[in-house]
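There are two complexes below, and they share chain A, which is joined by chain B in the first and by chain C in the second.
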Partner chain A sequence: MMESVISFLISVTPFLIDGLLLGFVFGVAAMGLTLIWGVMDVINLAHGPIISLAMFGVYLLTVTLGWGNPYIALIVVAALALPIGMGIYYIAVNRVIDAPHLSSLLATYSVNMMLMGVMNAVFGGAPRNIEYSLGTIQIGESITIPTARLVAAVAAAGIATALYFFLYRTRIGRYIRAVTDNRDAAELVGVPSTRILALSFGIGTLLAAFAGGLIATIFPFTIFEGSKYELKSFVIGVLGGLGNPIGSLFGGLILGVIEGLVPMFLETSWTPVIEFTLFVLILLVRPTGLFGGKS
Partner chain B sequence: MKESKRAFPLADVLPGLPDQHWASFVLPLAVVLGLALFPFITGKDVHRETMFTVLRAIVMAVSLNIILGYTGYVSFGHVVFYGLGGYVGFYLVSEKGMSLWVALLAGGLAAGLLAWVIGAGILRLRGAYFALVTIGVNEAVRALIQNLDIFGGPLGLEMNFSVYKAYGGPQAMLQMTYNILVGLAVIAVLLSYAVRTSKFGLGLLAIREDEDAAEVMGIIAPKAKTWAYVLSAILPGMVGALFFFRNGSIEPHEAFPLHISIEAIVMVMLGGYGTVLGPILGAAGYQVMRAFLITNRYLKNIQLTVSGVLLLLIVLFIPAGLIGWLRRRIPASRRILL
Partner chain C sequence: MAILEVHEVTSGYGEVQILWGVNLSLQQGQLTALVGANGAGKTTLLRTIMGLIKPWSGRILFEGQDVSKLPPHKKADMGLVLVPEGRQLFTSMTVLENLEMGATPRRARPYFKRNLELVFEMFPRLKERMHQKAGTMSGGERQMLAVARGLMAHPKVLMIDEMSLGLAPVLVLQLFESLNKLREVGITTLLVEQNVHLALSVTDYAYVMAHGKVELEGPSEQIAQDPHVQKAYLGI
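After this line comes the complex of A and B, so read on.
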């Protein structure tokens, strides 16, 4: 009995580790989405194409321009994402920020269409791959971790921590939280709410781009890859509580574990069934998410 | 909101809205029939195929408008009804040897049933939460069907071409399915008009403007919303069954593409949400624009970008859509444009 439990645990561990490592990256992608939702009640339907765009940005710098190191490219892409996100906010979102949800959903979806159209014209639908091997790390006898995944997880955890300190330990972070709680009241005490909204959209875009760049170092991708992570981000956002960026990290870990463990018991194709059923059920039973979010 | 104020004087004169000109009833029908007759006049198969796409879009947009435009609930995953109807209908015809008519009814029934079952639960969620949950439902159903062997799993199902013999061969089948679609489009318009001018429809409009106030006024919102959802699901289900019968094959990827629902939303917005005529014009206009962009030498590669820019301009500057804008600008047109 004891032995079978131990052997089960040993066989589960690699899947668990794999899932957890990816979970950090999923979590950062979802943080971008849920930060924007929390601050301004906008579901950013351009989230997926931004992730794809970041993947291709890293690819362009690393392979086409021959920089060689995707991690330097990643930092550049993430830095560019901030002003791009703020631009998207001023062009597409600012005017509909107080309109019914349909308007902001369609406004961000129109950005989605524009980005997809441009990427389709420039890159086409062919898959790309960034070949940059960091080798693997061996733990014990049965566990082998590709180093790139470990680096991605550490980087993701790092940026999540940075976001936490930014939100809770800086003046601008406090402004963002104030606007999240009550925009009118924040405006009354002198918070420049429009600029804070734009900045939040920029940071959300930065997080999405950062996650996209990390994923590009692990998996091959097409321009449609981002949409998959957009859907994942919805699920994660709801798991962790929409509007609660730190909850997203936990949501991402949960999703990572589900994706790691489900293939042990069922065919992989059942994973999305479980994920989306969970998603619908949580929305119905506890729309604020498992870890609490904005009601 | 000028219109919501106007809705109250209308309440006194229900049902039938006598201050509406008869043209407000005839115009939507005339537009649909005019489009439907076009291929009969030219006699070209190419035009029939184009119009099939346009009419399909019209049914989708007009149906979606019942829950989206009248009731104010943004159903982002509406394509789930189209896909489910398609699968149920396809399965009955190709695997069980039943007739197209049974498939159409079953497709509509399955879609309506799904809407009824999930509606009571998900329609409690408001705003963006509802939009999100409909995306989740669509993805869950798609993923589930991908795993069901009776529906052919990820590969889907193929129709044996001998099935079409019962309908006079593939050529006659194409014409017949087109005629059926014309019928469905007319039904969609009649349904939309009937809902819009009924007391039930007025209840939906009240829910859209302020759900809590509507409940105080005595509207049983959960019931009304569920029925609106069911009504908006049935015809897309039937069109799904019809389209995939005609198509000869069905796969999860083709049956549940999220962008079809979003395109339908765009059509409703283009023409004017909450109006009868708007979604019809929006659907036709959108398809014409798309056809133009795809065939244009310079624009075809960035077709999606051009559509996106257009959508953004409409959302930002004419959120009421064409008909909504006309009704606002030219008060006299309100009697005619409903």
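After this line comes the complex of A and C, so read on.
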């Protein structure tokens, strides 16, 4: 009996570690979505294509332009995502920000369609893969971790920590929290709220792009890859509390573990079924998320 | 000298016109009351002055400069500050963070420490609750925090909307006493009040609004003696 428990634990551990490592990356992708939702009550349906675009951006710099190192490309892509996100805000979102939710939903959906259209025309539907191996790390006899996943997890945790310090320890971060809390009041104390909304959209886009770039260092991808992570981001957002970017990191870890463990017991195709069952259950039982969110 | 002048301002929400040509001016260093029945347009006037609602026509001058089209944050930067109705605090932030947010305007930052001491002296309660979340405080404490946050902006003109609404009489008196302090430090104040009697007893000058217009204005003592005002607002 004891022996079978131990052997079970040993067989589970690699899947668990794998899931946790990926969970950090899922978490950062979801942070991008939930930050934007929290600050301006906009569900950014362009989230997925932005993730895909970042994957192709990293691919373009690393492979096509021959930079070789995807991590340098990732930093460049993330830095570009900030002004791109701010641009999307001013062009597509700002004018409908006070309109009913459906307007901003349609506006970001239009951005989604445009980005997908452009990517389809330029890159086509064929899968890409960034050949860049960091090798593996061996722990004990049975656990082998691809180093790229470890690096991705550490980078994701790093940017999540940076976001936390930015929001809670800097003046601009405090402005973002103030606009999230009460936009009129923020404007009345002297916060240029439109610029803060644009900046928040830019940061949300940067986080999505960062996650996309990290995923591109781990898995092959097509232009449709981002939409998978958009769906995951919704589940994670609800798990961690929509509008609570820090909760997203924990939500991401939970989802990562589920994705790691499900294939041990069921066909992989059951994963989304389980995830979205969880999504509906949490909405029913605890709509503010496991870690509290914006009511 | 008039620090804030409102000339023939009209505005409203959507297609509904609320203000029908309002004229008002605040004299430097004075305490002015704006009274009137519910729905007279007092809050709409304050929101229009700040730019939360755009004026449809007319002009708003602050220190002689036309600010009619400026957004609220620009006005706050210049020293025109509103303590809004319903307090509008940052409920997820602590008392101290709310006060820090109040000091957002660049011109307020050098005075941060001094103003913080001033508001803690006026409202010792806030000092005790410094690290408490604003959303968990009582109505009176929230009102104190709203006024204190306004003061942290180092305002030249402070407009306070319905300071006494829903507060216990003891607290109301305490808050009104603190208004004298504002006069001492030279802040021009516009007080929108439903407690007409109290408002007229502490202010220098008063405006009475009805149906989106200024119906009557004059020194507060004189307004308090007006037969129509006595009948309509003071129950005498």
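Quick notes on this one:
Just so we're on the same page, the second predicted complex is superposed on the first by the 295 of 295 C-alpha atoms of A that agree within 3 Å, B and C clash if a C-alpha of one lies under 4 Å from a C-alpha of the other, contacts with A are read in each partner's own complex, and residues count from 1 in each chain.
Note that a contact is a pair of C-beta atoms (placed from the backbone, for glycine too) under 8 Å apart; a residue touches a chain by one contact, two chains touch by 3 or more.
Note that this is a predicted model, so its numbers are computed, not measured.
In the superposed model, A:Arg177 makes contact with chain C only, not with chain B. Once the two complexes are laid over each other on the shared chain, residue contacts for A:Leu105 go to chain B alone; chain C is not touched. In the superposition on chain A, contact is made by A:Ala185 with chain C only, not with chain B. Look at A:Phe276: by the touch rule set out above, it reaches chain B but stays clear of chain C. Residue contacts after overlaying the shared chain place A:Ser193 against chain C, while chain B stays out of touching range. Applying the stated contact rule after C-alpha superposition, one finds that A:Ala126 touches neither chain B nor chain C.
Chain A has more of its residues touched by B than by the other of chain B and chain C. Across the complex, chain A meets chain B through its residues 37, 41, 43, 91-92, 95-96, 99-103, 105-107, 109-114, 116-118, 120-121, 231, 234-235, 238, 242, 267, 269-270, 272-273, 275-277, 279-280, 283-284, 287. Those residues of chain B that touch chain A in the shared complex are 68, 72, 74, 76, 121-122, 124-125, 127-129, 131-133, 135-137, 139-140, 142-144, 146-147, 153-154, 262, 265-266, 269, 273, 301-309, 311-312, 315-316, 319. Residues of chain A that touch chain C in their complex: 174-175, 177-178, 180-182, 184-193.
On the chain C side of its complex with chain A, the touching residues are 50, 52, 71-73, 76-77, 81-82, 84, 88-93, 97, 100-102, 104-105, 108, 149, 153.
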